[in-house]
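In what comes next, chain A is part of two complexes: it sits with chain B in the first one and with chain C in the second one.
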Partner chain A sequence: FTASLLLGTTLTISSNHWIMAWAGLEINTLAILPMISKSHHPRAIEAATKYFLTQATASALLLFSSMINAWQTGQWDITQLTNPTSCLILTSAIAMKLGLVPFHFWFPEVLQGTPLTTGLLLSTLMKFPPITLLYMTSPSLNPTVLTSMAILSTALGGWMGLNQTQIRKILAFSSISHLGWMTIIISYNPKLTLLNFYLYALMTTATFLTLHTTKASKLSTLMTTWTKAPALNAALLLTLLSLAGLPPLTGFLPKWLIIQELTKQDMA
Partner chain B sequence: MAVAVVLLSGAPFHGGCCRHKVFLSLLGPLLSNSKLYSSYRRPGAEPKKKLSWQNADFSFKKSIDHLKTQLSLLTKETQDYLQGPGGHPLSQHVLEQTRVLWQFRSQEDLNKWVISSDVEIGGKSKVYIKLGRNNQAALLYGTLNTEVPRDGETKYSGYCSMRSRPAVGSFNRKKYYDWSNFNSLYLRVRGDGRPWMVNIYTDPYFSHQKDDLYSYFMFTRGGPYWEEIKIPFSKFFFSSRGRVQDNQHPVWLDKASFLTLGLTIGDKVDGPFQLEIDFIGLLNDRAHREEFAYETYDKN
Partner chain C sequence: MDLSLVLNTFTLLTLTTLSTPIIFPLLSDSLKNTPSTITNTVKASFLISLIPMTIHIHSGSESLITLWEWKFIMTFKIPISLKLDFYSLTFLPIALFVSWSILQFATWYMASDPHATKFFTYLLLFLIAMLTLIVANNLFVLFIGWEGVGVMSFLLISWWHGRAEANTAALQAILYNRVGDVGLILCLAWLAYTTNTWEIQQLNSPHQTPTLPLLGLILAATGKSAQFGLHPWLPAAMEGPTPVSALLHSSTMVVAGIFLLIRTHPLLSSNQTAMTTCLCLGALSTLFAATCALTQNDIKKIIAFSTSSQLGLMMVTIGLNLPQLAFLHISTHAFFKAMLFLCSGSIIHNLNGEQDIRKMGGLQKMLPTTTSCLTIGNLALMGTPFLAGFYSKDQIIECLNTSYLNSWALILTLLATSFTAVYTIRMTVLVQTGFTRIPPLTPMNENNPAITSPITRLALGSIMAGLLITSYITPTKTPPMTMPLSIKITALVITILGIIIALELSKLTQTLILTKQTPLYNFSTSLGYFNLLTHRLTTKTLLTGGQNIASHLVDLSWYKLLGPEGLANLQLTTTKTITTLHSGLIKAYLSSFALSLLIILMSAH
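Now for the complex of A and B:
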């Protein structure tokens, strides 16, 4: 299944035809479903069903958007998405794939129902193809729609993560928030989106793997990990602060550059 | 089915001008109020089933009052959210090892529970609930009767149960609790020596899960002394529609909107029963290290 995931991701990011990109996204969706529902617990089945329904809808919307564009313009090139209706439908499809507000409701529940390693894949690898598609089509997309979704994602990701006691849900809301940061700058400087994504993927990988090692899935368990692995706990502290965007740490860099770019665009 | 075939075969015979008549006759069962299922009513079932819209109360004043109640609940929920998870500070959530869920001190506490028995299928058991002496406990008592109702299809009878009402927040939304800090159910009861079954009905997100139930047994000692029974959640086995499933898994407590915690008696012994319950709560028993008592079917 991991090989299928890599195949799907590679297919999408290396394609310039909409059908190949869509096929890669479908392969990704289908490959990760057995990984989510591996334990056969009702919660895992619920997570897999929710994931499948949202991703299938998003894939259908994506295909629909590309078909409208092909009908209007006569070509299937990803970078030549010119039809306004196609752009709007694609934005909603990508938002659904990524988990941007207002299509974010599935993400915390799905992440809560999955094991930590699969959750890591969901947060990092599964985000890569939609971000790539967003990157390739960013000149054609409506900046207002993207900005409003981004601001809502950043705000709601932060607020809804406040009273959570399950770590996977907290990381899901953190992911939603970071995706908001990535989306807000994509119309102005897409390379910053990619920088933000790579750093976010690195930090999230470190967090998930640490939690997997210490087998901590809720806050009360996390409170006692310092006795079992003090050095790892300290590293986790720094990683989480970096995810939050604290200045001396790496996570501050993309936020600083994004705010700087937004200031240049008279938005911040 | 045969009627539909006859109607459809009759359609081309009568020609296009009569198609709308065929359409109306196909819709006939829907337009009239006749039931499409059997009209046999079980002896314990309600005599007439009102349609849901007939139960609606269109009083304006009541709806305003209801709206005010819901808005005040929503305000309280927002204030609780600002305080911390579950309305308590985070330190309490992290450090707490016990929590009382239901205690029986007033009629309001009793109203959070629903009693039922095999009368709903035509049986003859009786069950009652009231506050015990000095309003310190709930007394669930009655008589179990295993006589099978003679309706030709019921084979077993004789059960009485007490189930909690689902916890709803503002605007009838489900309330979710995080009970993952606890690993045992803690009940302070005084029984009469009869065995009871404790059932946990978790939130069925999908309709396939609505028959799922986690159960375990509670053996009461009888006698004048109260006993504190601890039932670890790892002991609860999973069943669906009354059948114990092969594929067992533990109860997940992180999204515990336990719609029902139920106590059922069905030990096939005719006669009176009595159970006093002081409180039902949760416990984090550090000595209990078992994750799950039954074999899980872990597929590779």
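Now for the complex of A and C:
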């Protein structure tokens, strides 16, 4: 299954034609579904179902947008997406795939239902193709829609995360807000989006692996991990702070650069 | 010989003699004070101080003694200098005479007190502070004396500090005086700022002084001399022993405020607003105090209110632009008021601590000397012709009547004069005449010369002082000589009217009808509701305001509601609202997705 995942991702990344991209995304979806529902727990099944439904919708919308574009302009090139309607539909499709507000409702529950390593894959690897697509089509996207979605994601991710006790849901909301940060800068400086994504992927991987080692899935479990692996706990502290974006840690870097870029563009 | 040298020497000798009982015990252990040594010291001081006064009367010489100069900053020097002019040279012997009599009386009155020497030392310190105030040439030295008398007043009022009322009374005295001090400091600051000096001779220069520093001076006088507004401390100060009441609150300290106004008179005379303020404030004070005295039952309180009323009268005189007349009234008033207090002290001690006049009566037969001096004092207070009070009081009323000033102040003052007669006669009748209402077994004995000689000396002073002082000074302003007959005898007529009313009212006591509690009676008995209204209200408002600011405003609202906790609460509300949105139903989710998509497409077109 991992192999198919990698295949799907690579396919999407390196594609130039919309059908290829779509195919890669489909392969990714199908491959990860059994991984989510590996434990046959009802919650896992439910998570798998939700994930499938949303992702299928998103892929359909993606195909739809590319078809409209092909109908209007007669070409299937990813970088040449010019029809405004198809741009909008594409934006919403990718938002659905990523988990941006207002298309984010599936993400916490799905993440909650998966085992921790799959969750990791879900957060990082699965985000990679859509981000790539965004990156490739960034010049032609509607900035207003993107900005509003991004601001809402950042805010909502923060607020929702406050009231959670399950760590996986917290991490889901943290990824939603990070995605918000990534989206907001994409129309002005797409390289920063990529930087943000890479660093975010790094930090999330570290967090997920730590949690997997200590088998902590709730906040109450997390409280007692210091007896089992104190050094790891301390490392987790630093990682979480970095995720939050505190200045001396790495997580601050993308935030700072994004704000600087936005100020230059008269937006912040 | 050189008269000014003699003048200076003897004045300084007076002051030095007074301070010997303070310094000698510090020098050697064997030189201890006793009450009698202090009394003798003051007597010696008095006799010495007669000499400078005589020299002044003889040759009209005044002098200025500069002892030391405090170079505060280079441009503003504060000399410690004494001004010996008519006011200080005349008041010095008077104050010392009265103090000598009071101290002699106190050797009998405080004989049973274990700390009698300390008491006498306090009285002596007070006297020194008061004399500093009198002979001061600049407002700085005056302020030193001012503060000194305030502090000593506090210590002396709370002499019996086991009594809660004595402590509250002393606190009241200090607080009300402090409020007045603010006015004095304001004036000092203004003077230092504009005229760069605090000397009294220099006060002649400004032609038109602005009203604010003058109001400050009037505020200081209000506080110290218990004018209306800052007056409750004076009746409350009767908690102190009788010698204290006699010295401080009748003859010396309470006149300090008026004396300040006399000294700074050149500043005040040009400003019409200040003069009108003095006039109306004085009139109001005198009437208010007289009204309150009508229904008092404590003999000391009656005399305290009469002091307050006379102080109002002095303030009216200042308002009439007659400082010399005010000084005359101060001097004559000192004699008979001190004597009244001493008589009341003798009565109180002889009745074993009874101060209620409803429980005294018929004392004429039992305490003949005391009661005759009491009568003389009361007659002098009322302004009976040719006793001491007449020379000053009658002249004030004449000037008031013949001036073109406020008629409201005039009416109030006349009314207060008649009230003075009423309560004085009431007190005399209830204390001395009629049937006795005292308990059967009372240790009544006035054969001690420590009681009788001070009182008789002061009685002599009450009779002669008016005549003596007015004969030997030259008035700076010509008193009005011609006026219609009705105006000339106004004071006399009103006083007689008051006497008649009082005698009629006193007959009521023999008809056994209970006095009804009418609103007017309540007003008079509860001192015009002033104490009740202000004491609770002001302090409670200030304290709760302070508590509100400190705890409610800062702690609770700024730190909690608006600050950190407020922010946290804000986030909490948002979080809870949003959590309810995430229900977990995939159908809801997908429908929301569809809706959002629709909105995005719609908005773009």
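Remarks
The rule is short, and it goes like this: the second predicted complex is superposed on the first by the 268 of 268 C-alpha atoms of A that agree within 3 Å, B and C clash if a C-alpha of one lies under 4 Å from a C-alpha of the other, contacts with A are read in each partner's own complex, and residues count from 1 in each chain.
Note that contacts are C-beta pairs under 8 Å (C-beta built on N, C-alpha and C of every residue); 3 or more make two chains touch, one makes a residue touch a chain.
Quick caveat: nothing in here was measured; it's all calculated off a predicted structure.
When the two structures are aligned on the shared chain, A:57 is found in touch with chain C, with no touch to chain B. Shared-chain residue A:34: touches no atom of chain B or chain C. Once the two complexes are laid over each other on the shared chain, residue contacts for A:220 go to chain B alone; chain C is not touched. If you count the residues of chain A touched by chain B and by chain C, you find the higher number for C. Touch criterion met: A:49 reaches chain B and chain C at once.
In the superposition on chain A, A:105 contacts chain C only, with no contact to chain B. By the touch criterion defined above, A:145 reaches chain C but does not reach chain B.
Once the two complexes are laid over each other on the shared chain, residue contacts for A:163 go to chain B and to chain C alike. By the document's definition of touching, of the two partners only chain C reaches A:88; chain B does not. Residue overlap on chain A between its contacts with chain B in one complex and with chain C in the other: 49, 162-163.
The residues of chain B lying in touch with chain A in their complex are 81, 84-85, 90, 93-94, 178, 180-181, 205-206, 209, 212, 247, 249, 252, 254-255, 297-299.
Residues 38-43, 46, 49, 112, 162-166, 218-220, 223 of chain A are the ones that touch chain B when the two sit in their complex. The touching residues of chain A, counted against chain C in their complex, run 49-50, 53-54, 57, 61, 84-85, 88-89, 91-92, 96, 102-103, 105-106, 108-109, 142, 145, 156, 159-160, 162-163.
Residues 571-572, 574-576, 578-579, 582, 584, 586, 588-590, 592-593, 596-597, 600-601, 603-604 of chain C are the ones that touch chain A when the two sit in their complex.
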